[in-house]
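Contents: one structure, followed by commentary.
Every chain is named by a letter (A, B, C, D and E) in the order it is written, and numbering of its residues begins at 1.
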Amino acid sequence: MLEKIILIVALFSVTLLIATYLTLAERKVAAWLQDRIGPDRAGPWGLLQPLADAGKMFFKEDFIPTNADKWLFIIGPGIAMFTALLTGSVIPWGPDLEVFGTTVELQVANVDVGILFIMGIVSIGVYGIMIGGWASNNKFSLFGAIRASSQMISYELAMGISIITIVMMSGSLNLRDIVEDQHGFNWYVWKQPLCFIVFFVCAMAECNRAPFDLPECESELIGGYHTEYGSMKLGFYLFAEYINMFISCAVISAVFFGGYNFPGMDNFSGNTLAVLGTLVFFGKTFFFIFVFMWIRWTLPRFRYDQLMHLGWKKLIPIALVNMLVTGVVIAALSGWFSGEKPKTAEPMQTKVKTEQPDKRLSMNTNTH
Amino acid sequence: MSNPITSELLLQRLQERFGEAILQHESPYDLLTVEVTPSSAHAIVKWLKEDNELALSFLTLLGAVHYPDQTGREMAVVYHLHSLVHNVRLRLKAFLPIEDPSIATITDIYVGANWQERETFDFYGVKFVGHPNLVRILNEDSMDYHPMRKEYQLEDATREDKDDRFFGR
Amino acid sequence: MGKVEVVNGVETFNGEGFQLAMLDKVIAAARANSVWPLPFATSCCGIEYMATMGTNYDVARFGMERMSFSPRQADLLIVAGTISKKLAPILKQVYEQMAEPKWVLSVGACASSGGIFDTYSVLQGIDRVIPVDVYVPGCPPRPEQIIEGIMNVHRLVKHESLRRRYSDEYKHLLTKYNLNEDE
Amino acid sequence: MSDIEQLKKQSLFSNDTINGEIATLNLGPTHPATHGIFQNVLKVDGEKILSSEQTVGYIHRAFEKLAERRPYNQITPITDRLNYCSSPINNLGWDMTVEKLIGAGVPKRVDYMRVIIMELARIADHLVCNSVIGVDTGALTGFTYMFQQREAIYELFEEVCGARLTTNIGRIGGFERDFSPVFHEKLKKFLKDFPKHFNEFDSLLSRNRIFMDRTIGGGPISGERALDYGFTGPNLRAAGVDYDVRVMNPYASYEDFDFIIPVGTQGDTYDRFQVRQEEIRQSLAIIHQAYNNLPEGDYYSKDIPEFYLPAKEDVYTKMEALIYHFKIVMGEIPVPVGEVYHSVEGGNGELGYYLISDGGRTPYRLQFRRPCFIYYQAYPEMITGQTISDAVLTLSSLNVIAGELDA
Amino acid sequence: MESLSNRKKVVSDKKMTFWESIYLPAVLGGMWITFKHLFRKHNVTKYPEETREFAPVYRGQHVLKRDEEGRENCTACGLCAVACPAEAITMVADERKKGEEHLYREEKYASMYEINMLRCIFCGLCEEACPKEAIFLTDRIVPTYFERDNFIYGKDKLVEKVDERIDISKRQLTGKRPQKS
């Protein structure tokens, strides 16, 4: 139990720290892409910049607009922050660690439906934005909130379908199983590049990152849902955004890029492997965070209706077809069409079952 | 394209069509300037635009000039028209008395005249009869005079950091 | 707000308590390094401010590249350009909407004094409607001058006590500008 | 079941209210998309714009009244502040207007120098507009790349006149000084470097599908309608009408140069963007032509000593020069009586000066034809039926400059 | 609409090719461009530490020159004040008294000379107007202040110090006709 608490605290602080410094990283990356320097006057190389921002926001006047719904206005950022922090708990951050003879799993909760848990929590996260935007009693905020909710719902679908494809291949909803399945260099991205692209795009949309940052797009909606927010409440929203980005990138690297697996990992074992694996995992995550930022500072953003078009008319069909093809291939490989009975034992059985999404859902709710 | 239209031809056509209404004409700096009666200005602008041969169908500029010394015709409304096809420009002027500076609007001929007329009203108080929304455009609605008329001061009277004695006021 | 209580609690000491003075300094330094501007750019100076934001001068070095067009999130109101009498009430409203602590930088001749536009329609200096902290001369000022102005604002921020905004002088200042009718 | 229906009826988001709900949205005066100060009150149904109403005049500075109180040479700094993105065009256009009034010719070298400066200014103007379109679509990086190039143009201006933005460049009868050797150096460097960076910017946006989807069909206007509204410049050309003052009524020896008039087809945001992009290339070509053929000679007209300030050393030595010097500065040179209209192709279209002189030291009346002011009134028509995002992009692609709009 | 000139060319092509319509090539191309900038040296003038060289003709803060013998050039003729479109210059003329010849070059001098730097638009017309080469704009920038009153620059700030001359010869020569020697 103690190790879990330690892990939770560690994860909590690491997530917060990373999110804090992601704000700096974003500004630095933007600056480098634009031939600039970025913040460099707060501490050496601007390293204290996030702390300065946080310090300032803590001591800024806490403002609630007169016509706003007070409680919802306060709850909004809270929900966003809470849900963002929650998702990190099911991600397997590394191989098992041996400490004083006990085996420590570098994962707060090894939930069997880990991937469903993430998707569920992320979809609660949109309530934070929606409530905040609605409660502000500002039209721009409301527009942001509406955009956010419809965008999240649309992209969650394509995201879910692409995840199903991966689940079909791995035969499990457990994130650790999925990661373990990609041992060495056997990553899912090689088998499912299309699925990866769909998932990646959806992840960007879920995080409200440009080119999908419609809920807060500066040039149209001023600040979108957080137009009326100042001080630390705004800080919570910005924080939540960066935590979401961090978690999304972690999920991407776990699901598609083998998590803590890396080529040549068999040469190591024990704690060395655990540490190396964790480092590799964080390395991959940071790479994707960089890609997120890189894309943000390169591309123009979509228009609201085009975003919907992309989601419903392109990504979902692509994901569906991809899923069907994958299903057929899996079926063919396991001998469905050759008239034989499936030879392989248990894992394949589940794979076959997961072909139908409805069944899978009901099955898993039953087990829990 | 038909034969090119020159200023002379243009003037000739105008005189043929609106003999009475053409009061004066000159060509300062090669730009034909015609003074017309206020009542005929609308018809002339309309005819010039709709006449296929002349095709003076582009309103370049609309404004007013205030001549406080010319009694009875203090306010001049000036139209600059341009035929893009023939590259001929024409300046039309109509003089109005300061007591009642009203002239027919040309917003029904040129949509773009809307704001220019509002601006002219704002600056000079020229009333464009039939304008859909003749209110001030650049200045505050509460302003009670037409600032571009010659009798009004330019300077802001509230400033403190300037000493008027040094600037001849 | 919490910070009011903190301030009152230590008030009994002779002068400022050590911790409070430290807190004061730390927070002031934090604020100085994270001044989010609200560019109220109306005309020419706005373009020069854009140049200041651009690569060659990179105002981001001061932690200022996050522009907040929402007044709630901004710390520094950068008034760049002519403010006409028609616009003055809007400027005042934007200033009122900003959350404390807030500063105002008046960029350029027009905003500061009207510049060449000594005319019936132009406000002869924004200090007639809102209090100004730093004036930047020039028409428009070079980015160097704007940065000078920003650094002057930083100086001001660094030396401002947390409690200045509750002082009588500050209240008096607001009263002078008719800005505190709600409290 | 009935409870749910009951709830649905009360709900704000139930079906029958959301379709009929018309909201009013204030775009401006300080909205980030207005890039200046003006207000659009939009009536929206969801994101769709039903109608729009504009308020302008927030930075009305009384240019025309001011011009009636300032001597001719002091009006140049005022014109700087009209379209401040390309102030040299305004300055030189004003100088040419006065030259037209007094009937002065200038040496060929002055013309070519003017062309170089004006085309540099046009590039600077269009760069702002197009990179700001980029910013409004969310691509900030292109903006920073192009502002580095703009900075290079600023430096060029600074070499000639000593200021970056509000240049006050040129005098009646020529320039205050010749191009310095540093200017030549910097211009050559600019001409060499610019196309590379510009193409980079172009490929960031031009053929990117996201950008094309955003801009194609946004804020369209037909050629006829545009003419009716009095559009000129790139916005008119985007609608397919090839009206360009530089070609129709050449000034400053524009007839010597070979360039094309880029036009669009529908007058939408993409057309405007592309027309401006091509105009930048054409301007660059014109600068090349003018610079390569830059004639030798004087940088000012010797025929009008009563308008062009004499050299300082002459003022000390020659009585005549001293008298002229005082007269010019005091504004006591007799100016011909008359009225003159002169127009140049500004950054946004036909920038006209209608000048009436009564022979006094100041103009009797000076009216500016401000292209922004005239075409901005078409904005509601262009965005009706479009979404808010389109409205924002249309606004930035129209390149409405508040200083020119409100004068 | 018929063509008005023979130089018309349609430049906007709205048809997308297949490759353009699948987003990715343009996206990746754009990312490649920005990626290249990642390794480029930054192009920033870190202002307070580094300064950029101004053009010699830059129009910054004014200076009232002294001649070689340290006498003020200004003769208070008022031309600069007349020439100022912002009306930022005010001056009071005074007669030079006996014994002041080492201070002022001409018989008249400005006993009070003020420029309101907050009004000034740095257009350079005063420099051009001056017949005595007394006032020049320089490539120094006017600092910023917290108070409005500080911007009224009197003679104490404008007149150059005798031992600390400000070189303006470059701006006199740049681009000007060759001086007759």
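One rule holds in what follows: contacts are C-beta pairs under 8 Å (C-beta built on N, C-alpha and C of every residue); 3 or more make two chains touch, one makes a residue touch a chain.
From a predicted model like this one, the values you see are computed outputs, not experimental measurements.
Between chain B and chain D, the least number of touch steps comes to 1.
Relative to the centroid of every protein C-alpha atom shown, the closest chain centre, again from C-alpha atoms, is found for D.
Of all chain pairs, the one linked by the most C-beta contacts is D-E.
Of all chains, the one whose Cα centroid sits at the greatest distance from that of chain E is A.
If you average the CA atoms of chain C and of chain D, the two centres end up 31 Å from each other. Rounded to whole angstrom, the centroid-to-centroid distance between chain A and chain B, based on C-alpha atoms, equals 64 Å.
Centres computed as Cα averages put chain A at a distance of 46 Å from chain D. Chain A and chain C have Cα centroids lying 38 Å from one another.
Across the assembly, chain B contributes residues 84, 138-140, 147, 154, 161-162 that each touch 2 or more other chains. Multi-chain contact residues of chain E, defined as those touching 2 or more other chains: 4, 27, 30, 33-34, 37, 42-44, 46, 85, 87, 116, 118-119, 121-123, 148. Looking at chain C, residues 55-56, 58, 61, 67, 69, 86, 113-114, 116, 118-122, 125, 139, 142 sit in touch with two or more other chains. The set of touching chain pairs reads A-C, A-D, A-E, B-C, B-D, B-E, C-D, C-E, D-E, using the touch definition from the header. Of all residues in chain B, those touching chain D in their complex are 28-29, 31, 33, 57-61, 63, 65-66, 78, 80, 84, 87, 89, 91, 110-116, 119, 123, 136-140, 147-148, 154. Interface residues of chain E facing chain C in the complex, by the touch rule stated above, are 42-48, 51-52, 85-87, 116-123, 141-148, 151. On the chain C side of its complex with chain E, the touching residues are 55-58, 61, 109, 112-116, 118, 125, 127, 132-139, 141-145, 147-149, 151-152, 156. Residues 30, 33-36, 139-140, 143, 210-211, 213, 217-222, 297-306 of chain A touch chain D in their complex. By the touch criterion given at the top, residues 27, 30-31, 34-42, 46, 48-49, 51-57, 59-63, 218, 222-223, 226-231, 234 of chain A touch chain C in their complex.
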